[in-house]
Structure formats: structure tokens, C-alpha cells
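Take a look at the structures below.
Two complexes come next, and they have one chain in common, chain A, joined by chain B in the first and chain C in the second.
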Partner chain A sequence: MNARTKPANTRTRLYAVFAVLGLASSALVVRAVDLQVVRKDFYQEQGDARYLRDIDIPVSRGTIFDRNGEPLAVSTPVESIWANPMELLEHADRIGELARAAGLDEESLKERLVERSDKEFYYIKRHLNPDDAQAILGLGIPGVSSQREFRRYYPSGEVIAHVLGFTNIDDAGQEGLELAFDSWLAGEKGIKRVIRDRLGHEVENVELVREARPGKDLTISIDRRIQYLAYRELKAALAEHHASSGSMVILDVPTGEILAMVNQPSFNPNARGNVDPAYRRNRAATDVVEPGSTMKAFTISAALESGKWKPHTPIDTSPGTYTLYGHTISDVHNKGMIDVTGVITYSSNVGAAKIAATLGRDEMYDVFHRFGFGEVTGCGFPGESPGNLPIAKNWGPVEQATIAYGYGLSVTPLQLAQGYAALANDGRLRPPTFVKGGQAKDRAVIDPQIATTLRGMLETVVHPPGGGIKAAITNYRVAGKTGTSRTAIGGGYQKKYISLFAGMVPATAPRLVGVVVIHDPQGAYYGALVSAPVFSKVMDGALRLLDVPPDDVQNWYTASPDSGHTVRMARQAPDGAQVEPDYAEGVPE
Partner chain B sequence: MLLFDFSNDDQQATRFGDVKGRYDLGLVVAAMLLASLGLVMVASSSIAIADGQHVGAFYYLYRHVAFLAIGLVASLVMARIELSWLERNALPLLLCGAVLLLLVFVPFIGVRVNGARRWIRLGFVGFQSVEAVKILLVVYMASYLVRHRDNLQGKLLGVIKPLGIAAIFAGLLLVQPDFGSATLLMAVTLGMVWLGGARLRNLALLGALALPVLAGAALSQDYRVKRLTSFLDPWADPFKDGFQLTQALIAIGRGEWTGVGLGASVQKLFYLPEAHTDFILAVLAEELGFAGIVLVLVLFAWLVGRGFAIGLRAVEQNRHFAGYCAFGVSLMLALQALVSIGVNLGVLPTKGLTLPLVSSGGSSVMMTCAAIGLLARVSYEVSRAENAMLQVISERQALEVRP
Partner chain C sequence: MSLRIAALSLLLLATIASAIGVVYARQQSRLAFIELSRLGNERDNLEFEFGRLQLEQATWAENNRIDQIARGRLGMLPPAAAQTLVIKR
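So, the complex of A and B:
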């Protein structure tokens, strides 16, 4: 072997090595160009799919205010703790710590995490106040994060629970006005596109996809003070009469705004828990009752409109019963010869039936329908019932007679209030609204003269010998009508009563209409005894709260300050004065 | 003729006492540039990972710096060890390497990570035996090739023997299992044997025989088969077998020509496993783009090119041991870099090899530094020999010109 040739040989062999290495490097360069330039779109799409995320920007729900700006529903920021199960399970030893901090059972938490081990999101605990959330986050457990959310809080609690409804845990309206005005209140979540690392942390904002539009505030027509007053009085009346449920609606006559709408039983919307769904119904708008004698106001309206009857047209109600095709209609007392006004004053079923017999059924149906019965009011309350007004061609003589005094049809308390508000508003019906300033267009439903006449007739109810003297209010003239009906069940009637009162104040220029409905009072069940006093107390307070000028001031001036009580007693029936029942046993079958 | 034969220049250097050499500047600069690039990339790629492990954002950076410091010391030590001493002690050193490789299988000393026994427990850090074995085998192989040069350049058996020795170590590595390092050791040995003068015919024959064995080893384990197939089509199952590679490819694809910018990688944010070690090139490619990949290739080409040049000079000075050492180390660096980059780019199956000097990884960093120290030593001795020669010449010239 020649020593001299070897170096040259090595050099050649080295060039071969260089060639191989160079070739390999070139291949890598080609590959790099392929990946980074030629096919980059594919890889970038794959990357984007992995970490570009559209994230919601939470917005707070609008506040609901009462007509005077008092907050009724407010959203408060809370924190919800969530975990990435994949990541948390890698640190399973810390689950116990987390469970203790969140007040959860360790075993069940672990179980639920394992079930979701292929997911990246799981709520550990929602709606914690920020301090508690911070305490959990402070433990520094991997995979545990928090998310800003909003919780709805209702300062007025059960008093206005039915009207407002509530939201679910995701802040979406579920019932009531929260549902009806959900899109207005909720606003629109914003969306931002972010880059997230694999553990879910946002590392970069890429772009704003949609701007957040916070929820708008809503000022509703309810007056919290009147609402509270109505709630208190209704609740007291229910307790006093051991009644099962009840509703009260107060309308502002000129605008149709609902100033108060209360129901019993109620619930605390801040802690709903497993409250009986029956407690959550806004009975004033969703439940129907047979209106009983309160309906006579509309029957008489139809009678006056027909021209066949005048307020003083006499009508013989003796002997206090009236038999029609085998059905006996009876009054509580035989009032003998009375006039049309007397039919209202004494709440004569016989009188109403006899008047109805002279009217065409289409004529009568038309008046009832114009007053809004059989149709939803248009207030927009979710689940509002249209009531039931049978169509005229299904009316036989007996049906027509019973409908005349409020049986065989059903209405919601809100509809009844709407109807009375039309009488109060000179025959112009304005659909009720829950929104302050949201008054709907009104429409003429009856001649203004008839409306005025009716108001006069209804005033007689509140004075002796009328049946509704307990509805009287000091210094104000009241027009209204009592009613009592039996609870209809499966086509028949049971021995359960509904006590109603519908009225308006001040009678000379009505500002407020109120309807009280109380179900199943024990003992005295007449509307005159159960519902009329609630009407009186609430409306008395409401008139003063609204600064409505009195229209019955003659006693105000004559009475000395310390004799006001006496005056009131003089105007109203003294305790123990006989109240005429407006309900006759065994009438409708 | 004797004038150019420096095979026993030790005596001459002794004779001339204070003859000094120079360390190759290009080699040192290339290595330092690569290490600096590595430092930056380790910092960038490990912050999120360290933060996620709650060990402090700079945990891996500090570790890397510490290992670089140890590596610097190791390289300085290597640069001062006389190659003749290494040559004399090549066999005992290799046996030490063998012991290290066996220690990983000893309970309480060997550490099992991700199903592989590759580490030896050294207090708070683990040491990967193979990193030391790589250098020791290169040194031994260089000495072997010097001693058996005639056999090597002749018979087939002369080629089989050195490859057989390497195969024993490769076998030990396969038991760990560390298929990547085993392949690397065999490839480096093969390259050294080739540069040592083995006949192409013999190597080709051997290759033809070895191929089925390698294929058998590759296919004998399910996970290797899986790695092989998943690398061919990582998108078949991008969330399981193909997960790591698809994430690496996404990172690289995001880089385009010039990258998303230093520090701006998204894939390093827990998407890409081993972003600061085996897959650091993918992060580099994402942040610095195609330019970054080319930069890495150029720096390695420079480093390895210096290494081969030094080796060639040594061989041309008939200092074969030094030359083969330089060849072996250069081959090792070149092949490991190419394989690592290839794995990142998805053209080779996932191997678990680091990118030398760049990746975080204690044993690799330290031993790569030591290997570069060895290269530097070769460059030093080559230059020292040249200086000695110049001294002889100038002395003779001085004698000749004397009147």
C-alpha cells in the first residue's frame, strides 16, 4: 500500500460523504419549501382549526325598572368555575382539594369528570360570588378556570315575581316579562376570535367578529308601591278568608298601563328551588274564571245599545226565579219590580236573563267581543289566556241567559279589567300594556253616553242598598260590581266559590280600574264580602300615591279632622250592615 | 520524504518543547453560533411548557444554560487531552461506555421514562448513557481503524469486525429501546469504515446482508411499526399516533418564508409535545420560517465542514487517529442533525433524537460540547504539527543559509 496515494483516496471518499450529506440536506430544503410555501395553507387551516376559537363576550342583561325608576330586576356579575376535565384528570390528586373548596362531593365530582374526560369544558360550580371564585382559583389547580356570568336578582322578591318571571342559569328569560322582552333585555353577546393554547387560555386576540351589544333597560308600567300594597292586601285577604289563590290587577285608565298585577300564592324568584309550578303562574293573565255578576255591566251595555232598554225601564223580577226551558234562574232575594239600574244595583240574575232574552245573540256576542272577551288583550304576556267566549251561533236561550250574568264564558282578570277600563274610558278600549309609555291605540267599543250611564249604574252598587258597599273609599266615588261564581270543573260546578270585584275610581273621571279575584274563600264567599274590601283598601292607597284629586269632597269639608273616621263610616256601610249577596245558590247547572 | 512524515511528531514536539498549535476558529464560531441559536430557541419554546408545569417560566432555560456551562467545561477538558492518550486508552474508555449502557438496566440506577430505559440517575438529573457512548465509540473506532487499516482495506472480515463491535452497542441500545441512537451509531461506524478505506464492494455486500436484520428489528416491535406507518401518513390519525408529527407539520407550515416572529409560535403552547427538545426545529421553523431552517442547515454545514476539513488535514499528515476521530464526530453531528431535522419535517419516522447544540436536553448538550472539544483538539494538534514542521524547516533553512 502506497502511503502517498492514501490521502488522495480519503479525500475522494470524503467527497462521496459530502455528496450524500449534501443530497440529504437538499432533500430537507425541498421538503421545507414544500411545507412552508407550497402546502402552507393546509397546515395553517389545520392549525387554525385547533386553536382559533370564537369566544363569547358576555353582556349584562338590561335592568327592569318600575315606572318610578325603582330597580325590579338587576344583573349582578358572578363567576362560574369550570374545568378542562382532560387537564384536571392529569392532576387527579388535587380533585379532592377542589371538591372541598367548591363544597362538592369528591367521589361524584371525580365520576363526572371521568365521564367527560374527552371533553375540554365542564362547569364545576356556577354563579359564585367573585370572592368565593377567587378562593377556588387561588388554589392554582391545573385546568380550573372561571368565567364571568351574570345572575339575575329581584329586589322585590315575590311581590312582583309573576309579572317579571325569571331567567334561567344561562341568563335567558324563561317566563313573564323576562321572556316577553328577552331579546330587548338580553342584548347580543359579542364574539371575538382568539388564539387559545391547548389548555384553553387565550393568548392572543385576533379580531372582533361581532361587537357586544349590551342588553337594554326596560321601564315597565308597574308602580312598585301600588304593587306592594295590592300584594299585601290580597295576601291578607287570602289569609283572612282561608282562600286558596287570588289575583288583583290595577290599570291606569287613560293609558292602559298595568300599574299592579299580583297573585297568590307567589314564590321567591331569587331562590326558586323546586317551587310548585302552580305558584309560578301569573294567574291574572293566564288563568280564566267565570266572571259571574261582574259580567252584567256588559250585558246592560248591550241592552242600552239595543235601544230596547233605558236605565229606568222597569223589569219584573218576582218571584225571584225565572224558569227557562226547564232551567230555573234565581235571585237571592225577590226584589219584585225593579228597573234596569236595579239589575246592576241588586245584581239580579233574573233581570239580566230577562233582558238578555230580548236581545239578539249576535248583538250580545258582538258587544262582549268588542269589550275584548274571548281574545288575548295584546299586552304580550307569555302564556296569556284568551278566555272563552262561545261563538254566538252556539248560544241557545239558556246559554244566552246564563252568559248574561256571567256563566258559560270565562275571562282572565286582566280581560275583565280591560273591559271595565273601556267603560271607564268613555267607551274606548285601550289594550293594557306592561311598558311605561307603551300605550296601544284605543278603539271605540261602545257609545260614550252608554259608558257614562253604566258608570252611574255601577256607582249605585257601592251605596246602600247596593251589594258592594264594602268597596267604598272615603272622598272618592267608586263605581264597580261584585261577582261570585262557582268553580267549574269538568262541565259541572263544585261547591267552591270565586269571589270577584271589578271597579273604577274616581267614578266621575275614572283614573284607575281594579279587579280582584279570590278563589275558594271559606265562610262568607260573596264578592261583596271578600273581594270588595281588598279593592277598597288598595285603591284608596293607590289614589293617594298617585295624587288623584278626590271627587267626593263634600264630607271632607264638613268633617272636622278628628271626625274623619266617622264620616267614612257614614259613607260606608257600618260593620255588620247587611250586604246583599249577589249570588243565588243552585242557579247554573 | 521523512520531512513530511509526522507520524511520530510527539517526539519532535517534545524535542522542540514549546511548539504550540491553534484551535480552529471557524469550528468554534460555528459551534457558538449554533449554541446561541439553541439558547434563544430553548428560551422561546420552553417558557409556556415550564409555566404549565408550574416550575417557573425559565426553568428549562436555566437548565439549558447550566448544561451549556458544564458542556463548555467538558469541551475545554477534551480540548486539552492529548489525542495519543485517548488512542492508548480507547479500549478501556469504550468498556466504560459499555458499563454505562448496562447501568441503565440496573434497578435504582437506571431510570425508566416513557417506557424506555435510557437514563442513569445522577442525583437530581438523569444522564443519557448513549450520549457518552457515541463519543467513546467514535474514539475507539478511530483507534481500531488505525490499528487494522490493512485488514479493513482488504478482506470482508476486516469490515465486519468493526461493524460487529458497533452492532454490539447498537444491540444494547435496541434493548433500551433506542432505535434512533442504534441506527445512528451504526451509520456513523459505517461512515468511518468507509472513510477508513473499506472497499465499496464489501460494504455493499454487508449492507445487503444487514438490511433484512435492520428491517426485522424495526418491525419486531408494534410501536416501531406504528411510528413507521404514522409518519408516512400522520393525518390518518392526527389525534393519536400522528399527533406529534401533525403538530410539528402545522408549526412548520405556519412559518412560511420568514416565520411568525421570534416568540410568536402558537404550537409551542402545549400543542406540540417536546417542543423544546426533539421538536425544537419545528418551533424554530414556525418562528423563523424557511430562513430559520436554512440558517440551521448552513450553520451545521459550516461546523461539520470544518470538522471534515480538520480530519482531512490530519489524515494528510498521516495522523490517522486524529483524522478518524474528526470524521467520526463530524459524521455524528451531521447525521444526527439531518435525522432530527428530517423527523421534524416528517420525512423520517419519529426517533427521539435531539438537534445537537440546539435542543434542550442535558446529556446531549454536554456530550455534544465534549465532542466539539475533541474536534478542537484535533485541529489544535494538526496546527501544532504544522507549526512544528515550519519550525524544523526554518531551522534547516537557518542552517543552510549560514555561510
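So, the complex of A and C:
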């Protein structure tokens, strides 16, 4: 034992060691508490972030079916190839290989990757079919992966393009019903939490954070067959008359369902690209026209409702012109003494103006407004126009007269169809709908008796000497009205015409209402010559497709099959005299 | 005294059994999750296949195509009024 060793020293050293150990361990405890308790959340998060990932579970968009269950818009899975630029640039020698496989230019791909070298995600090529994507992935280039996405296909192409609209590359609705029903169709992405290794491979599924909710299917009211028929006939009519654009709407009278809605020009919704926006407009719901003589049906409704006029009340239209505060209203031909029915049959502007002069402007406005003019129909189509019905207190006598024959107000083809459907539906207006079985509540807009009377008047239009005989359909009674108006431009009218026809079949118990609007036909421009034949052809097919029983079999028996005469010949004027129908209608200069 | 030992060992056994149970349940849940994912994928793939088939059918049944084949290749026509007989009931 060494002499320098002192017992007291041992004790001091022991304390010193204890103190050091004590300090060290309390430092450890403090640090442990700091890590485990005080800053636990932060470190837990940081740790998780290094291996836990929340991954989207893609869901497919709902299918859109027509009323008979035919698919109109279907989403199918495609693969999108993406790369982590940081990782890919470390293997820059393989970019060329990737570019060739993806059919891209190597230099520009490299440039774009360098631009995004601080990012972790860059789409190389989107929406490949799974086989092509597999070919690229098969090259095993580091940093390149694929992601499932969905692409929307429209098997009917441009036939129904305007109604459906389209989606963008991220599968979100951009226009039409795709936009209107976006949240219904889109569903909700799911999220799952997975553990990933350093290279980004999934090692384990940890939990389902949110269950994927796939988009719901939508069955719309359109009948693809009728839609196609309308599309074909409208397109043919536009080509025949060298017209610039056109629309047709067909409504199912009892339910208000839109069975067909077509527009020309159209576009192919499967090809994403720069289409002229004018081609994408659903003109039938978003564009307005002056309804011209088709409006007279509602003017006469107002006249009958006022009680001042009966169907056979005479009215003098000679000499075919009528001057009101210096404004001359004219008919194409002087029809002399006619009755109220004759105003519809011959489409007399003078007659309509004279009748309007006896009605209060509030009274007339009220009837028009009840028939749905000046307000959106409530069908929910994005960008639908309410048209323009000036408020009654802004109507002077001249305005009131011109509105009576369809000028100075504007309507959409859909509104016009809705109005005629109310006449067809015994005076009860049912707002149109795009959803099968989605019928809206109807409301009474006019006395059922007046609606029936008007249907009778509108039937005279389709028989000689009425102007609309080209709308006649074999074996069915048709009620309708032709119209011709001019394109309004700021402060006046262009020398461009609009041909209209609005009608219903079968007239005895209307099932279908159709409206045809054709813009800027060259040569013959009267609605009776341009739009009425389209109505006849399309409705003829639609009635057959829907199995609507003929209501004009009397003519059938007299005309066929033995006599060899066509039914239209059997419809000559009762006294046998050949009456030349009068196609012309007053178009204001 | 022996009662206490018995109770303790019973609790010990119960604890071990429960621990094994947890492990087992965990394993089962993992297997079930894998099965669920597999079935989910299968369902998705079948749905995609169905969608593709629908699309294919819709393309073949496209009205324009039917129209052209019926008129052009098969020489079909809608019957004229003179060729139609109405049966009155």
C-alpha cells in the first residue's frame, strides 16, 4: 500500500465519481425525456416521413349510360409513366433509351428533366395503354415508374358530344353533363398508408386511411338511337342548305325528359386538342335566337286566355301591312279577312300584332313568362342561357307588336321546346331534365282547354294551305309552327336568316315535342322549307323507335296499300281543290 | 400460500396466452388484408375488363356503322307506307 494514499482522499474521489456519473445519467434522462416526451411528435413524424407514405388509390369515373343502358362515356385504366428526375439524371446515359421507347425527342426530354432536377416527380408520358407502359417499365431504367390513371372514351363521338361535354386529362369534368354531375361521377380517391424502402418500393401495407369511393354511374334521358337520327338529319340539312349551324331538341312530353339534343357543327370528344370553342357550345341550351313566328302560339294563348278572342273571331289583315307609330308590320301575302286560327295557319304578322294591341302588356308578359321564357329551364346544364324577355314596363306599343310575332325577345331552342311541351301536356309545364326518371314537378301555366284549342290550330299549319306541310309525318297527326327570323346584331338585323320549326306528335295525344333551329341557310330560308323537313324525318323515326301507335290510320286506309297513293296526297284540301301551300312568312326588313 | 402461487401462475399463463393471441390476430389481420387487396385488385381488373368490353360493344354497335352496313352492304330499307299493313285490334 502506498504511503501517499489517504483515506480521506478516497472518499472525495468517490463523491467526484458519483457526481460525474450522476450528472451524466441525469443528462441522459433529460435527453431521453426531451426525445421521448417533449419532442416526440416531431421525431415520430420525421421518422415516419422517411418510410411511411400515404398513397392515393385511384378510382374510376362513373359510366354514363343512355336511357336504354347503352354506354356513352366509359373510363378505362391507362398507365402514365413518370420519373424521379433526380434519380434518373444520375443515370443520364439511359435517357436516350427511355426517349426512344416513349417516342420522345431525347434532347428536349433531357432539357426538361434538368429543369426539374430538384423535383421528385415528372410525367414522361401520360395515358399509355398498359402493354406499351409495360414495355417501357421493362427496360428497368432507374427512377422510372408508372401510375394508373383513367382515360375517358366516348363511343358515340361527336353525335352526343355537346350534351356530355368532356373531361380534362386529370379526369375532371370540364363541360356539359360531365361538369354538371362531376361530383356524382368522380367518386373519391382512397388513401392507403404503406411502408416504402429507400428505392420507393412498397414493403408493407400499413392501413387504409380512407376507403376509395368509386364514381357512381349516371343514366341520362337521351336515347342514343333518336340522338343519332337527329344528328344525321340535321347534318344532312345543313349540308343541303349550306347553313352555318343548327340545333335540334326532342322532349318526351309526359316526363320532360330530353330524348335528343344535337348541334352542328360538332367535335370529337375523344380527341383532345385545340378545337374551336364555337364547335363545343351546346347551342340548343346556351345560344339564343329570336323565335319569330313560332312565338305566335303563345301570343294566341294569351289572346284566348284574355277572353277577348275566340278561335273563329274574325280579324282583318288587309292590305297585308299595318302601321303602328310609323313602324310598318307586313305579311308576305295579303290574306284579307281571316280568323284567329288563320293567324296561326298563315302566320300573319299583321294579325298577331293587331291581336296583341288589344291585350295588356302585363297580361302578355305574364303568359310568356309562365311558359318559361326569360328564365333558365332548370335542367342544370352548365352555361344555360335564360334568353331575354324584356320586362313588361319596357314594352311600348311597337315592342309589344313585334314581340307578338317573335321579335325583340330571344329564347334558347330548349326553352322553345319546353313551351311547346307545355301546350302538348294540356297546359302543364314540366321543366326538362337530362336524367332518366329525373322528372321535375310540373305546374299549370294555361287552361287545358286553351292548350287543346291551340293544338288544333297548330295542326292546321301542317295541312294545306298552311305553311308547314313539309313537317307532315305519314300516319301521324302533327301540330307545329314554322318560324323565320334574322340574326340580330348590335342594334339591328343582319341579312342572315334563322329557320325554325317547333312541333309535337302525335297531335291527338302528344308524346314528343321537337324543335329545329337552322342558322344562315343559303337560298330558301323559310322555316317551312329548311327546318320542317328535318322535323318530319327525325320524328318519323323517333315515333317508330318508341313504338308510338299511329293516330292517323284513317288516312292510312284510304291511301294504302291498294290505292298506291301516298298519304300526303290523301291529305289534300277536303274539296279536292289543289291549294298551293304558302311557305313564306313575314320577316321584318 | 400455494393458492397465491396457483393464482399467479394462472395469470402468467393467461398473459402468455393473450400475447400469443395478439401475435396470431395480427398475423390473421395481415393475411386478411393481403387477401382483401388481392380481391380488390381482381374486382378492379374485372371491372376494367367489363368497361373495355362495353366500349368495344358500343363501338361495334355504333348507329352510324349499323346504318351504313344495313343500307350499303345488306341493302335494307325502312318499309314504305304502301308496304305496311296495320292490324286493328
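Assume the second predicted complex is superposed on the first by the 509 of 589 C-alpha atoms of A that agree within 3 Å, B and C clash if a C-alpha of one lies under 4 Å from a C-alpha of the other, contacts with A are read in each partner's own complex, and residues count from 1 in each chain.
Methods note: contacts are C-beta pairs under 8 Å (C-beta built on N, C-alpha and C of every residue); 3 or more make two chains touch, one makes a residue touch a chain.
Every value quoted in this text rests on a predicted model; they were computed, and no experiment measured them.
Enquirer: Of the partners chain B and chain C, which touch A:Ile391 in the superposed model: first, second, both, neither?
Expert: A:Ile391: touches no partner chain.
Enquirer: Determine, under the contact definition given at the top, whether A:Thr76 touches first (chain B), second (chain C), both, or neither.
Expert: second
Enquirer: Which partner does A:Ala236 reach: the first (chain B), the second (chain C), both, or neither?
Expert: Neither partner.
Enquirer: Based on the superposed arrangement, let me know which partner A:Thr10 touches: chain B (first), chain C (second), both, or neither?
Expert: Once the two structures are laid over each other on A, A:Thr10 reaches chain B alone.
Enquirer: Based on the superposed arrangement, let me know which partner A:Pro155 touches: chain B (first), chain C (second), both, or neither?
Expert: After superposing on A, A:Pro155 lies in contact with chain C but is clear of chain B.
Enquirer: Between chain B (first) and chain C (second), which, if any, makes contact with A:Leu139: first, second, both or neither?
Expert: It touches nothing on chain B or chain C.
Enquirer: Could you say whether A:Tyr228 touches chain B, chain C, both of them, or neither, answering first, second, both or neither?
Expert: The answer is second: A:Tyr228 touches chain C but not chain B.
Enquirer: Which of the two partners, first being chain B and second being chain C, lies in contact with A:Ile169: first, second, both, or neither?
Expert: Neither partner.
Enquirer: List the residues of chain A that touch chain B in one complex and chain C in the other.
Expert: In chain A, no position sits in both the chain B and chain C interfaces.
Enquirer: Would you pull the chain A residues touching chain B in the complex into a rising list?
Expert: 1, 3, 6-7, 9-11, 13-14, 16-18, 21, 24-25, 27-29, 31-33, 35-37, 39-40, 42-44, 46-47, 50-51, 140, 142, 195, 197-199, 201, 203-204
Enquirer: Under the definition above, what is the set of chain A residues touching chain C in their complex?
Expert: Where chain A meets chain C, its residues are 60, 63, 70-72, 74-77, 153, 155-157, 159, 205, 224-225, 228-229, 232, 474-475, 541, 544, 550, 553, 556-557, 559-561, 564, 566-567.
Enquirer: Touching chain A in the complex: which residues of chain C?
Expert: Interface residues on chain C, with respect to chain A: 33-34, 37, 44, 47-48, 51-52, 54-55, 57-59, 61-64, 67, 78, 81-86, 88.
Enquirer: Sort out for me which residues of chain B touch chain A in the complex.
Expert: Touching chain A from chain B are residues 48, 52, 54, 150, 153, 191, 194-195, 197, 238, 246, 249-257, 266-267, 269-271, 285, 289-290, 293-294, 297, 301, 304, 308, 311-312, 315-316, 318, 323, 327, 331, 334, 338, 341-342, 345-347.
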